[in-house]
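Take a look at the structure set out below.
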Amino acid sequence: MVPLSWFLILGAALFCIGVYGVLSRRNAIGILMGVELILNAVNINLIAFWRYRTPDQLTGLVFAVFVMAIAAAEAAVGLALIIAIYRTRNTVIVEDVDLLKM
Amino acid sequence: MNLIGLLSPELILLATGLLVLILDMAFHGKEGRREWLPFVAIAGLIVFLIAASFLWGTHTSLLSDMMAVDSFALFFKVVAGLSTLLVILASWDYFQGKTPYEGEFYGLLVLAALAITLAAASTDLIMVYLSMEFLSIGSYILVGYLREDPKSNEGAIKYFLYGAVASGIMLYGMSLVYGVTGTTNLAQIAQVFAAGKLTDDMLWLMLPALIMLLAGFGFKIALVPFHQWSPDAYEGAPTPVTAFLSVGPKAAGFAILMRVFLAAFPAFQLDWAAVLAAISMITMTLGNVVALKQTNIKRMLAYSSIAHAGYILIGFASVALDSPSLFNGVNGVLLYLLGYLFSNVGVFVAVIAFENATGSNQIPDYAGLIKRSPWLAGTLFVLLLSLTGIPATAGFLGKFFVFAAAINVQFYVLALVGIVNAAIAAFYYLNVARYMFFVPSQEESHIAIAPALAVALGVATFATLLIGLYPQPFIEFANQSVRLLGVF
Amino acid sequence: MTELYDWVRLIPLFPFLAFAIILLFTQRNQKLSTYLAWVGIGLSWLLGWTIVFRAIGDAHVLEEGFRAPIFSIPTGRGLLQLGFQVDALTTAMLFMVPFVCLMIFIYSKGYMHGDPRYSRFFAYISLFATGMLGLIVSDNLLLLYIFWEVMGLCSYLLIGFWYEKPSAMKAGLKAFITTRIGDVIMFLGMLLLYSTTGTLSFHEIFSEETLHFLKETTVWLPLVGTVSVAPVIAVLLFGGAVGKSAQFPLHVWLPDAMEGPTPVSALIHAATMVSAGVYLVARMFPIFALLPETASMSVVAFIGGFTALFAATIALAQDDIKRVLAYSTISQLGYMIAALGVGAYVAATFHLITHAFFKALLFLGSGSVIHGAGTQDMMEMGGLRKKMPITFWTFAAGMLALAGVPPFAGFWSKDEILAHAFEEFMHKGVVSWPFFVWLVLSLGALLTAFYMARQVFLTFYGETRSHHVHAHESPKVMTYPLIALAVFAVFLGFVGVPEEFPVLGPLFGHNLFHHIVGHGYPATPLNWGVMGLSVLLALTGLFLGWLVYGRNPLKEGQPDPMTKLGPVYTLLRNKYYIDEFYSKFIVRPAVALATLLFRFDNSWVIDPFVNLVGKVGAWLSDLGRIFDLNIIDGIVNGVAAVTAWFGKILRLTQTGKAQNYLLVAILTVLLLLGLYLYLPM
Amino acid sequence: MDFPILTLITFVPLLGSLIVLCMPKEKERLIKQFSIAVSFIPLILSILLWVNLEKGGGIQFEELVAWIPAIHVNYHVGADGLSVPLIFLTALLTTLSLFYSSFTIKNRVKEFFFLFLLLEMGMFGVFVSLDFVLFYVFWEIGLVPMYFLIGVWGGPRREYAAIKFFIYTLVGSVAMLLAIIGIYLNTGTFDIIQAAAMRPFVENFTLGALAFWAIFLAFAIKVPMFPFHTWLPDAHVEAPTAGSVILAGILLKLGCYGFFRILLPMFPEQFHRFAPIIAVLAVISIVYGAMVSMAQWDLKKLIAYSSVSHMGYVMLGLAAAAFAIGSKDMLTSQAIAMNGAVFQMFNHGIITGALFFLVGVIYERAHTRDLTAFGGLASKVPYYYGIMLVAGLASLGLPGLAGFWGEFFVFRGTFAIAPVYAAVGAIGIVFTAAYILWKVIQHVFLGPFNEKWANLTDMETYEKITLWPLVIFMVLFGLYPPLIVDTINAAMTRLLSGL
């Protein structure tokens, strides 16, 4: 069957794409998506590790489930904040949001 | 003690938080402010503290080793309770006319406190993650609480984005840890390493894992270079929230940092201690020197709190739990946090009082404060002295212990950088004092302090001096709390 | 019965009390102040002479000395004992000092009459008397030094007594600082002595074993190397004497000291300050003479001899009646020092005493002249003989004494010095210091006689050379002291007549003076040749003086014949330009250096340091900001470039600010990662 | 110890200051009178202290109460022949300063007297503390009131001077903090006496050297010694009269006291080894300070710099004593040097205190301190002239006045141990005479009268009352030194024999 490392590589790749997205997206929503990618990379890792190392304990699965749940909550809050910004500034382009600096 | 008993503090907080939210909702749209809402929250917090005090001395774990009930957790329960209490007092009439949703604020604050207590108690990576996210999400909302205020929003969004990514990275690290050890329970992780049956390539994975964890914790504590969200968030957030952020999440971050690293990764102490020492030097230096130039007191305090994170980290970087001396590092961190809690929140309370009266956060506007309100100036000065680390104040005790810890493990350089920073810090704290006392102001109008603020200020100042002058009980408390479950 | 000697403690106390009371309470009441001062010094005088006359008959005291301790200061486990004493030398001084002081005190009443700070004057001179009396009765070097300094202070106060006059003010300061320089050297000598022997008490220092110990001990000096300690101590102490006794090169303060009221000049030049220097050398003589072959004696002999001649020459060309006397004082002190330099201990002391009397007389006389004539410039005087007879006759007596005409006091003492020097020379048989001293001093005798003659003729003979001089005799309160002193100036010499001297020798108790102070020192044998020569020189000097100034006295407007000497005259008149030299090469550079240092301190120590703190702080803070903004942006842009590189696939983007932060975080993670991977574990 | 006299001395001022804090600030008369009254209590007690002190009895009047048992920190106070005179000096100068200020301080009276009493407590605390932490606490507490005294009631550049003073001292003291911890970790006690007895650093010289220099820095800045003196001119010049008096009179002594109480007993080996360096710095301080003050035209600055010079004597004596550690036959010279140093500390307190008061007196009237602006005042203000003359002469070490003995003993002790240093240092004596007599006396009082000051008034009664005690002490100790040397000598001999 497929070796563990393939999954890990997939996870790593996904993680990097997520990070890149986070860094490169101008749109706050886009960044949020990048974050989601990162979390999914994590999930892949967790599941893979669970399956290959401790299939008899559910730790990995449970962890993954929690991550998804939290991801959802996080996204909700994030979107709320983005909307608030949009209300006051009419933009979701993060680099325009720079009132606060030294 | 049964499960309910052991969990009672958390449950009480949960109940209080929900109760406040519900009450707020129930009475929504009614005329006038609901001044009594904070009372509910305060009452709840007091009950919480009392309940917590019953757990003194109990050392056990529950929820299948997800959570610990130990002195360490207890200590942070107290920290969380006290800081939240003070912040609620501070925000009493801050929101007047600023937002219609005042009630929720208190609810959220209480729940954030709950998050802190959970974070400090969690002994499993999953639990760590959950509690941290709980705290983070709460914090995001609090920072962005003034929806109409663009600055508030901006602070929130930056905080959020940074936090989301940071937790993502941390999480990736956790997944690796899990992968290597096959467990998420801190104690078991430690056992795995102790057993030493791991292959090298497995161990190799631990390094990125640890670093990623560090990134996550560093974000919470606002360690350089994971600090950059904090000035913006601090400045943007409503001042009471800033006060809370500068203490609560920091404390939680340290709690988790210490518990995870001490409980799960003692095997790697040499590695992470070195990294933490380096980070702590950078952190305090950068925080202090950047603070020098700030003219907005909130921003100045933001950087000063970064610097303080650096000092605190000295203690943990030079942790030596098995050393015969009293200065094992951890108790230094705890004492520092305790003193810092009162001093820093106190300073913020004073800032809020000033802001309420003048609407300004600019340091030059503090000119002639001694004339306008001697007590405000006096107490603020004492608190600033404490932050500077002058003896007879709480701040000195903390510095004393962390420096002692550094010397104890012969981290002389670390201690040296520490004291140099302490001297630099005096510049900007004294600068505020200079305006308050030396510079005459054209504005002579008296500044009235609302009773709630007065109480908060009084408590903070008193506690600062008490800890400074009679530290014995607090030291014992800290020494007790050093006992983490699973660690000796 | 030693009780009497115990009273010696009181001798300095009386004038001190007078000083304190006057200064604190009776400033308003001039009469009362005067009488207080008189009573103070008077009591000291009575007590002093009582002790003297008892001591003269008391061989034990004269040889062993009697000590009256005051208090002791703990020094670690030991004690530093301070006290007073009576011994031979003290007795001799005690005979002179209080009496001369008393005379001057009385005289002052007339002289200072009507001065706005009349009372304070008497307070100061009382303190001055305290200083001198204390000095001569001290039984240890430290106490001596203390009183020594007290006198320095008084000289400062009194010379600058009319401080409204800038010249007086400056003179006071000059006197203090100049003597202070000498004092510091002496201070070091004292320290060396103390730390070598562990004691400062005279009778302990001069005890056999200590002297022996000093003989043995050596000290390492930078530049010089290891030398025997005694001469070092001696020379250092001598530094103090040079300052106080106005010997070359520290003599410059004394002529300027003429700015003070004349009684002060009398005090300083006759009874007290300057004699203190000689007294010190005489007191410490055993140390000087411990190793005669070493530098100690020769230095003393040279300085003394040189000064004696050098000052005498300057005196030739001065017009100020007091300045002439001032330089004669310096010269005479040179005699004493030189005498000590050739070991003529007794002779030096003898000259010290006699000189004190007649010099006091001369100064008070000149004061009386000034008081009468209203000027100090001899060129304006003349013909005062008739108008001020008493002053004239007394002054003349003093003059003859100073010139060394027999049988006046000065003759005997001076002759003893010369004789001793010559004796030494004969004894050695080689041309060395004694010869030099004898030669120089004999020459000096000639000059002395000449300039004194010049002074007298210019002042008292001929006609007054200035229309606004309307002289009158001074009041009795001033003239009586003159007479009293004149008596001593004439007869005092007889106490020191050499034993062999026909008639007079036996008549006056076989050199009484030598019996008092000279035990342990061989009496100088009478030497007719030397004596004859010195008399001859003195008379020649007087004759020349008469030739130039007496035969046909100077008329108004006539130039001083001295001017015929041309450049030499100018040189002498300007005192060899030594003052100018000092101010140019010592004072100004010192002040300049101080200013320089201050500049340094102000702009190179303080400012940079603070500005460093400030600037560095600001700079770092900027750096921090740069770090937080620009550098990060920079990195970002760099990364942006990198992304642009494989942005062929993805759309080229530039990052937003919030993302900068994230970028830093992630870069850090990667950095740490890299570190760990490449650092050996 | 039946009667907690030291505790009373230390904390009565604190109590007083708190009471002052509670008084309404309109009641200025009351505040002033009350503060002065309060300051008399420690004064009387300190006299009792001196009277009851058993000479050579070592540490006495001890009080030992556990303060922070968790880290073995005790409230441990005590006094001996070294500290008692300084305690008395502190009490005396504070009382006089308060009295003087009650006439001269016009604005923000309440704060002034509150802070001043606080300051007094801090100073007492340092002199009585026998526990490092306690010592450090008081050491730092003294900083804050002085910071305000300079910053609020000071001259034109007061803010700069205040912050400079604070930062300099802070830098020093934080360094000391590390050393204190180091000592604790080596000895397991914060007790100064015990720790010293344990000789923490005999086996580890290098570590000891580190700690030594750390503490040295703290004290040297306070003294101040040559390269660290630069905060002093500003602080003195800007501070109000009373502030300068206390600053010069007491705060500088804190540093010297530290050298005697902590550095010498704790690090004999290191002190011995580094004595040459310290001696050189001391000599530089003496000569350099004297020359620089000779270059001043601002009266106050001149006296400020003279302090650098005079404290140099103290350090010289100390360094000399350290020089001879180990050579037993030097004990006498060592003791003499140390006696001289301590005596000099005391003298400098009264003399320079008096001088600063006198500067204040003239400044109150003329509103200038420029020496060139005066001239010939002697006949106009004879009383002032007289006092100034005495103080000045005492300062230049005229025998018969207190100043002489300090210098004499220092030089005597030093000369026997390190002659060259003493010889070079002696140059300072001449310059001191020069700047006192030439700059101060001559430019202000002598010469033709400057008509500008035609209506200058002589000293007021309150000014006389302020200055007489100091003058009396100058003369008293000048004429009969055993009065104080007995006390000091006993303590010093004990201290030295302990090394």
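Some points to look at:
Note that the chains are named A, B, C and D in the order they appear, and that numbering of residues resets to 1 at the start of each chain.
Keep this in mind: a residue touches a chain if its C-beta (ideal position, glycine included) is under 8 Å from a C-beta of that chain, and two chains touch if they have at least 3 such contacts.
Because the structure is a prediction, the values reported are computed rather than measured.
Under the contact definition stated at the top, the chains bordering both chain C and chain D are B.
Taking the mean of all protein Cα atoms as the centre, the chain whose own Cα mean lies nearest is D. In terms of C-beta pairs in contact, A-B outnumbers the other of A-C and A-B. Between the CA-based centres of chain A and chain C the separation comes to 95 Å, rounded to the whole angstrom. One inter-chain figure worth recording: chain A and chain B are separated by 26 Å, centre to centre, where each centre is the mean of the chain's CA atoms.
For this pair, chain B with chain D, the centres built from the Cα atoms lie 43 Å apart. Mean C-alpha position of chain A lies 66 Å from that of chain D. In chain A, 19, 22, 31, 94, 97-98, 101-102 are the positions where the chain touches two or more neighbouring chains simultaneously. With touch defined as above, residues shared between interfaces to two or more other chains in chain B number as follows: 157-158, 161, 165, 169, 290, 293, 427. Across the assembly, chain C contributes 613, 625, 628, 658-659, 662, 666 as residues in contact with two or more other chains.
Contacts between chains, counted with the stated touch criterion, involve the pairs A-B, A-C, B-C, B-D, C-D.
Those residues of chain C that touch chain D in the shared complex are 23, 71-78, 116, 142, 145-150, 153, 156, 160, 163-164, 166, 169, 173, 176-177, 180-181, 184, 187-188, 191-192, 194-195, 198, 222, 590-591, 593-598, 601, 605-606, 609-610, 613.
Those residues of chain C that touch chain B in the shared complex are 613, 617-618, 620-625, 627-628, 658-662, 664-666, 668-669, 672-673, 676-677, 681.
Taken together, the chain D residues at the contact with chain B in this complex read 67-71, 111, 133, 136-137, 139-141, 143-144, 147-148, 151-152, 158-159, 162-163, 166-167, 170-171, 174-175, 177-178, 181-182, 184-185, 210. Across the complex, chain D is touched by residues 325-327, 370, 385, 389-392, 396, 399-400, 403-404, 407-408, 412, 415-416, 419, 422-423, 426-427, 430, 434, 437-439, 471-472, 475-476, 479 of chain B. Considering their complex, residues 125-126, 129-130, 133, 137, 140-141, 144, 147-151, 153-158, 160-161, 164-165, 167-169, 171-172, 174-176, 178-179, 182-184, 231-232, 235-236, 290, 293-294, 299 of chain B touch chain A.
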